[in-house]
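After this come two complexes, each holding chain A, first together with chain B and then together with chain C.
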Partner chain A sequence: MRKKELKLVVTFHTTADAMAMEKACRGKEVPGRLIPVPRSISAGCGLAWCAPLTERDALLEVMEEQGISQEGLHECMV
Partner chain B sequence: MNLTDSKKKLALAGVVCGLVAACLAYFGNPANMAFCIACFIRDTAGALGLHSTETVQYARPEIIGLVLGSFLISVATKEYRSMAGSSPMTRFVLGMILAIGSLVFLGCPLRMIIRMSAGDLNAWVALIGFILGVGTGVFALKKGFSLGRAHTANRMSGAMLPVLMLGILVLALATTLLKSSQSGPGSMHAPIILSLIGGLIFGAFAQKSRMCFAGSIRDVILMKNFDLLTIIGSFFVVMLIYNIATGNFVPAFDTPGIIAHSDHLWSILGMYAVGFAAVLAGGCPLRQLILAGQGSSDSAVTVLGMFIGAALSHNFGLAGSGTALNAETQEVVAGGVPMNGRIAVVICIIVCFVIAFANKRSEGK
Partner chain C sequence: MIYMDNAATTLQKPEKVKQAVMEAFDLMGNAGRGASEAALNASRIIYGTREKLARFFHAESPNRIVFTANSTESLNIAIKGLFQTGDHVITTVLEHNSVLRPLYECRESGVELTILGCDVSGNISLEEMESAVRPETKAIVCTHASNLTGNMIDLRAVSRIAKRHELLFVVDASQTAGVYPIDVQELGIDVLCFTGHKSMLGPQGTGGMYVRTGVAVRPLLSGGSGVDTYNPRHPSEMPTALEAGTLNGHGIAGLGAALDYLEETGISVIREKELLLMRRFYDGISCIPGVKIYGDFSTDRRAPIVSFNISDYDSSEVSDELDMEYGIVTRPGAHCAPLMHQALGTVEQGAVRFSFSHYNTEEEVDTAIRAVKELTGGNTT
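And then the complex of A and B:
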């Protein structure tokens, strides 16, 4: 079982935004992966982007470039 | 209590929901229909006079309890969010498809699992269609499908469906306005108070665990995440044990009396439409009730679509019929899906494809 670590978790207004984020990050080789939105963040069942804490600036840059609006940027154990 | 921080706790939620379903089946709900969202919405639609099939009319307290359970727990734990505005009419149509597809197969995804746990091989066949439907929905998500974002709405907006459900409960308890079947599945039910408590408990646990039949398969396909599937797995195991213990486990296709048919192609296509529509709508029929309870007006509109879809299924002769035993001749009369139902399923699938590929995420929004 994967050990939980403190990670950056970006949540979005729509699932499509999360999918767009995955595509953009893959294109820019920014590390991370799609995860279900952690229950501690939301009772909804959407998708979120999970990345190492060190990637905050890279993530913000990708979202700015691609016009992807975030719902929230959280640090939590994933 | 956080039910989702470990797979064991998620499994516990499935066990609790399984025990609720088993209790309701034991105390009078129809065989293998212990807890079916589509069937119970259909029965409630009948009680309200939205259709006139006399054997399936009963205001199911389980449906009321699910919405109220989700509403109460989300208010109590400060998770209630009144949201609205994500393509409501498209969601209404998706709700209709969820109901029509389910009633062709004779069960929502929740009942499909219950039927599977009783050895009904028709349900195992339908599972193929459901997985393919969810898979198609995931493909649409990858291609940029979106119904747009929901926005914060007036606080009262999200409480409207729970209030309406409460109103149905009052009508059922205090008046004779609602119709109630004297025979058939609608006449078979657990005591009202038990059904209501069962619905409340199920609703609360489903809200906390985010239980969703379509979501569980979506997460496996999309992210290889098995969290939600853990809940469904433990729910299945509880129902399997219950069915074996009570002698209801019969691995077969044509079993009279369990409200199922062996029209395999249409079971597959019916559940294909349900799986597809559920991913597009963001949740299975159960999840729509739970989301509506925690404040989503978009899901509330989807629930209304399910009511209308269920009513139309019976008004237009779309619903499947179960294999039955002729009491006089003792012959098994095969159930099946009528021509109207087959045409409806094909239309539903086409509509799903149109919705899936005509609603794209707007770049930069």
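And then the complex of A and C:
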């Protein structure tokens, strides 16, 4: 298994929101990728946006700009 | 074959629609089920089509667009999910069974229904519509265009009535989406139901609905959502709330390509061509003795449909003759529009419906005119 690192993980209410996030981040060249929601956050499946810790402000800005509603913003080992 | 049954489904689709569906077979996993590249490919394509639909109908957000299998599913979700015992709903005789039957089911469970009649041309009266409003009226549900006559309902005028009386406005755009621009926000539409396989030129099994922010629709289905698995209730967030189960991803890929085609070609170009063909056909057959045409042709603001009968011939017989002798595909019978046929007095005879695509040609229309002339025993020169 890969060595885990502490990352920012944004969860969403719907897959549509997760896809909107991926599109918005790619458009703004904000690094990160979609991952399955880590079970340490929720056992309920779904997609989450995983990004380096340094990108917190950029992520919040993208979500604000695009009106993407998040379920939660977490720091966890991914 | 000369295909002129485009109000039932458009047979000829843009090449890029077929390509998109074929490519999707090589790319798509299950959207929203995991984060593999295959699953994400599907999610991206579906989200992309959701965005295109939101732009196409001027929705406030892609999240207000829900994918369904067709207009019938959308209308069932809307009608069964909005009304309850004690509500009163206004609709019209122009409606398809996909509006009427769900409403009849609601009526059985205590929803009251007013069904507005029409004049001899098949048009409703807006004054009658407004007069039908009662204190308990919850909504107006109506089609944008009759699938039998092609007559359109003035959505802007109906919307004004709905707004004046604080009613929900639910629109069936089966015959117009892809031909006429529909701006849900400008028109004050609360729920728009559309199908992908008619004038939108997408694959069968695609369709959807727009639901205005703040309008709560009880889901018809619950089940797999890809999120919130341990919640015993289906998620309430849109669009997931109304999209239980695996979506028709391959079809939706095709619908996305169809929307690209509509944008590149321009729906006004498509509409003008279809109306030109409709008018050419109408002019060609309207003066033939024995031909009786239904609907209002005093305006070109209508769906590209011409329905008619020849003397007292069974419409099925005429349609079959057109098919067998001339290779012209039309639709006879009742067109799932029982009240419109009752209003026109054509329950026994049905009607022969020609409906045009922009892929049809003037030569095909002229062939169809000659065929109708021959069937009436008239001179073909």
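Methods note: the second predicted complex is superposed on the first by the 77 of 78 C-alpha atoms of A that agree within 3 Å, B and C clash if a C-alpha of one lies under 4 Å from a C-alpha of the other, contacts with A are read in each partner's own complex, and residues count from 1 in each chain.
Simple rule for what comes next: contacts are C-beta pairs under 8 Å (C-beta built on N, C-alpha and C of every residue); 3 or more make two chains touch, one makes a residue touch a chain.
Note that this is a predicted model, so its numbers are computed, not measured.
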item: Superposed partners chain B and chain C on chain A - clash or fit; value: clash
item: Chain B versus chain C as contact partner of A:A20, first or second or both or neither; value: both
item: Touching partner for A:C45 - first (chain B), second (chain C), both, neither; value: both
item: Touched partner set for A:I35, first chain B, second chain C, both or neither; value: both
item: When the two complexes are fitted on chain A, the stretch of chain B hitting chain C, from 26-34, 44-52 or 278-286; value: 278-286
item: Contacts on chain A seen with chain B and repeated with chain C across the two complexes; value: 13-17, 19-20, 34-36, 43-47, 67
item: Partner chain C, residues of chain A touching it in the complex; value: 12-20, 22-23, 34-36, 42-47, 67
item: Contact set on chain B toward chain A in their complex; value: 2-5, 74, 79, 81, 86, 141-142, 144-150, 207, 210, 212, 215, 219, 222-223, 225, 227-228, 282-283, 287, 291, 294, 360-361, 363-365
item: Chain A - residues contacting chain B, complex; value: 13-17, 19-20, 33-36, 38-40, 43-47, 66-69
item: Contact footprint of chain A on chain C as seen in their complex; value: 31-35, 40, 43-44, 46-47, 50, 61-63, 226-231, 235, 237-240
